[in-house]
Amino acid sequence: MPGEDIVLRTEALQKSFGSLEVARSVSIELPRGARHALIGPNGAGKTTLINLITGQIRPDSGKIFLEGRDVTQMDVAGRVRHGVTRTFQINELFPNLTPLEAVTLAVCEREDLAGQFWRPLTAQKAAIDEAFDILTQLQLADVATRPTRTLSYGQKRLMEIALALATRPKVLLLDEPAAGVPKDESAMLFSVIAALPADMSVLFIEHDMSLVFKFSSQIVVLVGGGVLLQAEPDVVRRDPRVREVYLGQAGYV
Amino acid sequence: MTTVSQAATDPHSWLRGQSRWSYFEIAFWVIALLPFYFFPTYLTLASQIAITALFAISVDLVLGYAGIITLGHAMFFGLGAYAAGLITKAGWGEPLTGLVFAGAFAALIGFLTSFIIVRVRHLALIMITLGLGFLTLELANAMSWLTGGADGLRGVDVWPIFGWFEFDLWGYTAYSYSLIVLFLGVVAARRIVHSAFGLSLRGVRENLTRMPAIGSPYRFHLQKIYTISAALAGVAGALLTQTTETVSLETLSFQRSADIVVMLILGGTGRLYGGIIGAIIFMVARDQLSGMNPQYWYFWIGLLLMAVILVMPNGILGGLSRLAGRRS
Amino acid sequence: MVKKIVVALAMGFGLAGGANAQETVKIGVIVPYSGPFADAGNQLDAGIELYIQQHGDEVAGKKIEIIRKDTGGPSPDVAKRLAQELVVRDGVDILAGFALTPEALGAADVATQAEKLMVVMNAATSVVTEMSPYIVRTSVTIPQVNYPFGKWAYESGVTQAYTLVADYGPGHDAEQSFARGFTEAGGEIIGADNTPVANPDFSAYVQRVRGADPEAVYIFIPGGAQPAAIGKALAERGLTPPDTKIFGQGELTHPEALESMGENALGIITTFHYTLERDDPLNNEFVEAYREANDGRSPDLFSIGGYDGMHLIYEALKETEGDTSGDALVEAAKGMSWDSPRGPMSIDPETRDVVQTVYIREVQEVDGVLQNVIIDEIPNVKDPLHGADE
Amino acid sequence: MVGNLVIVIFDGLAFGMLLFVLSVGLSVTLGLMNFVNLAHGAFAMLGGYLAIVAMRQLGLPFLAALPVAFLGAALISVLFERALFRRLYRADALNQVLFTIGLVFVAAASAAYLFGTGQQPIQLPGYLQGVVEIGGMRFGVYRMFLIVVALAITVLLVLGLDYTRFGAQVRASVDNQRAAQGLGLNVDTIFAVTFAVGSGLAGLGGALAIEMVGLDPSFGFHYLVYVLIVVSVGGLGSIAGSFVAAVVLGVCDVAGKYFVPEIGSFLIYLLLVGILFVRPQGLFGKR
């Protein structure tokens, strides 16, 4: 696909913990509007790759480009501000804030309003409206004013996405968004993901292959910290190596 | 008060409800006036409780709201106290400008130390605040040519407020003054807590990992609140200097840092009024118990603390609000 | 609590406590009953208690009532508040106690404003009595015992000394007074170190002293655990009399410290205004009665300060025939002189400060027990700083 | 000069060893149970007073009073652990702080009531007094004794943790409490025993400390600060960490006071702030 608009690109990312190589020369590309899935057996380095892209950990070598700009040295918050946001596999929410407060907070941080200590929160009308819109969009409006800790598990997973959306990401990295969610609910969760703005690039980790094949436009297969293959679902499905190292074990297809 | 269904339809009114002055608060401030009429011989105690309450609020802003556990906040209290005392020795005894000066000085030191504070967490954070507190105390002791050392600062001379209200023996002026400053402090702290900034602090306390992931420059937030809190603590210290015309090393002591945290937890953290209630209960209990039993009163204080924790793990205000039903 | 509220109400409505003041004299005692200085407060209190027990609680037809207030430590703000409360709430006639200088400095203004006699029973910084015309001191000042001691040290044949003092107000005062007396007489201070106030281990400082190899070392540290610790450290380093003379203020060789130091303490020479072992009928009787009342605990400087403070109050009240006004009591106290268990003492009419004998004592073994044996006395010593421009 | 240095290091080592014995128990219990026990110093004080009682009332010699202090503090602490502290293992740290501070108040008041506010002197047996002179340098016998005792404790603890079944269980629980429970370990008992040993060591430290730093009712509060410094600098849950931290602090404190006495009182806090700023998890800490 020549001339494609690449939003995120990694270049030979390398990372080891001691003698363990967790990222081995990882180079991937994410075009604008992509719906890419990241798969691989346990310990393949999927979450590590997300951590590297978002800056939770620094690569030993290699570079990360966002819209052509080198962001390798940027910290987590800086990358979020430039448009790279993630969600967490294990909920990282604000248990005693309400969803309304939490998402408003994220919007305020994005708009640099969160340092204003003299204006009442209620005066940030635009931010509150936007937060409520996001919650409505994710069907969380009904529980917007209950403390997050009292939400159902599925609702908490949605909150992960709501918080990420509030940062208006160009690239959204979803670390097993449906982890732990019952099968029927996880389909609903992915329909939400599918409905995300068309110009947003999404990379998601998911174990359920039916969901992966249904919602992804391309699949990145990670094995032992290195990229085995990046291709369309159909290609991946037929690839014997993938079948062997991953799909075969899992018993899918 | 507000129900979920109402809020669901209008997020704005729900948020307004969160920051509205409650009946409890209004009642509290009315009660705070009662000592003038009913306990006039307790005004000096009331004044020192108000000062301690202001100090507790400054600690609550960092500990209760931003999650920075500190065992060294007396550092700022004491710096404010000394700043207010030294400015009178330099020939300027006007109290209001003295408060501002002390607050500004404490804020400056707070800002400088905040660069260290925001880079550590957990036990290391607690111990660094403790270490900085001790260092300040030792420094003040070493600079006895300026501070008067262990004997305390002599010759503090505060002018009457507005050139008119002298600090009297009964403590009418002292309590009025302290109470007004406390009230202004609460208004300011409320404003901060109910701003977008206050929300971001609660975010830091609730989940530090998430904050950078929503793009928050949270260290700036922490530095900012630490500075504000230092200023408030400095003002409290200055109030003590002005209402008693004394300053001693004790204002900088670890004991004072520890006591204030004890009072705050006792009352309940993250609630502003928790610190005030804690200060009232702790200091009134101490006054009454030590009046009855000057040698062993702290036995009963200790029992009180242990009992409160076993019965009300979220402090007295937390326990009360749970009793009163769910409100956040 | 209810009672207190009633009292508070009554006073709030102007029924202030003059009515029953004709029958009782209320004395408010402000000391640290708790905290790190609790021992000072409790010993002082025991001195007060013993005096009342021996002399009855009635003077000049009035009953003596003690109201105790705990400062918890060297907090002038708390001391001031307690003094204010004692005056306005409890209606006391006399303020007393003050084990620590900051306490006395905090309360001084209250004494002036309320025109109440304030008896300082310990706080030993010179300037205390200058802070209010209503202050009278019955304890000691640090220069009072250390300045003459410096002179005495030189006259005893020591020509150079090293000073090692706790790094706080009293320590600095002691260092200066001793050094002044010593150098004025012709001696030389060859080194000086300050130890942290709450220093647990003195080995480093003692090693420094040893390196300087002085003829004598002068030590001032707070009482409590430190005297024994420093005494042992000195012995470990071989800094013992007579090779190296050890000078100090009396706290260095208090009874518990002697017991803990053992024979390492032999030969230490200290200066003090009160000597437990001074063989004198008055003192023997005092010590015996004190021990009996306090489970065998011996009196110390705080006890004698409290005891003599009460003596001053009783005698002043007798002289004013029960008039409790501050002015009358201060007048009565000025120039008062009496024989105390510590020896002859008086109140300087000019400065309202104590004038007394300074004892030079050496630790010796008497009948198998280590004691401070008086080897010299300097009578009628005034504080050398009063009147001198600081 | 070299002799001075040797002596200074020796003295610092002895002081450090005292801090180590006082602190190591808290490091282990904090690391193991995440329980912020500010009453640790109070158990040390308890040990001190128990030793005093054993020597004065029961007429035991000093060396026999030490095990009394250890066992007594261990026993009493485990009663507290079973009856009270256990309820707070799941509570947040602030509640633990307030509760145990309350206990420190109660302990200090009780000590003042029972024993008075004065210092409690003890008489050491002759063979622990005095000095040994080696090459013109004078080494205090009691300081040598302290070093030997602390080294023995360290060896016992390390061996106990590394080579006994119980030690392995403790290590497993420190590493991962949930997993240990899953493996069927009785975490409850492990906690109680560890707590008893930790507090017992504090009690022993309190008894050993009398000779060097004295004993009065403010001991529990006063030495709490030193204990916390050692624990945080050493790193939670690490015996080696506490040991090294205590040695570093003891030696630096004494050496600093010797070579630069002007900053003597600042030194320990400067070290604290400096070390923790560079290594927030402490010298040997994992987290």
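Going by the order they are written in, the chains are A, B, C and D; count residues from 1 in each one.
Just so it is clear, contacts are C-beta pairs under 8 Å (C-beta built on N, C-alpha and C of every residue); 3 or more make two chains touch, one makes a residue touch a chain.
Bear in mind the structure is a predicted one, so any value in this text is a computation, not a measurement.
Between chain A and chain B, the least number of touching-chain steps is 1.
Each chain gets a centre from its C-alpha atoms; the one nearest the centre of all protein C-alpha atoms is B. With every chain reduced to the mean of its CA atoms, the largest distance from chain A is reached by C. Between chain B and chain D, the centres computed from C-alpha atoms are 33 Å apart.
The geometric centre of chain C is 35 Å away from that of chain D, both derived from CA atoms. If you average the CA atoms of chain A and of chain C, the two centres end up 73 Å from each other. Residue numbers of chain B whose C-beta contacts span two or more other chains: 138, 141-142, 295-298.
Those residues of chain D in touch with two or more other chains are numbered 109, 112, 265. Shared interface positions of chain C, i.e. residues touching 2 or more other chains, are given as 34-35, 38, 42, 167, 196-197. Listed by label, the pairs of touching chains are A-B, B-C, B-D, C-D. Within the complex formed with chain B, the residues of chain A that make contact are 54, 75-77, 80-81, 85-86, 88, 92-97, 100-102, 104-106, 108-110, 113-122, 124-125, 127-129, 131-132, 141-147, 163-164, 166-167. The residues of chain B lying in touch with chain D in their complex are 69, 116, 119-128, 130-132, 134-135, 138-139, 141-142, 254, 258, 261-262, 265-266, 269, 295-299, 301-306, 308-310, 313.
Across the complex, chain B is touched by residues 1, 4-5, 7-9, 11-12, 33-35, 38, 42, 68-70, 73-78, 80-81, 84-85, 87-89, 101-102, 105-106, 109-110, 113-114, 125, 127, 131, 167-170, 172, 196-197 of chain C. Listed in rising order, the residues of chain C touching chain D in the complex are 34-36, 38-39, 41-43, 167, 193-201, 203-205, 207-208, 211, 224-226, 228-229, 232, 235-238, 256-257, 259-260, 262, 295, 297. Residues 2, 4, 7-8, 11-12, 14-16, 19, 191-192, 194-200, 202-203, 206-207, 209-218, 220-221, 224, 228, 328 of chain B are the ones that touch chain A when the two sit in their complex.
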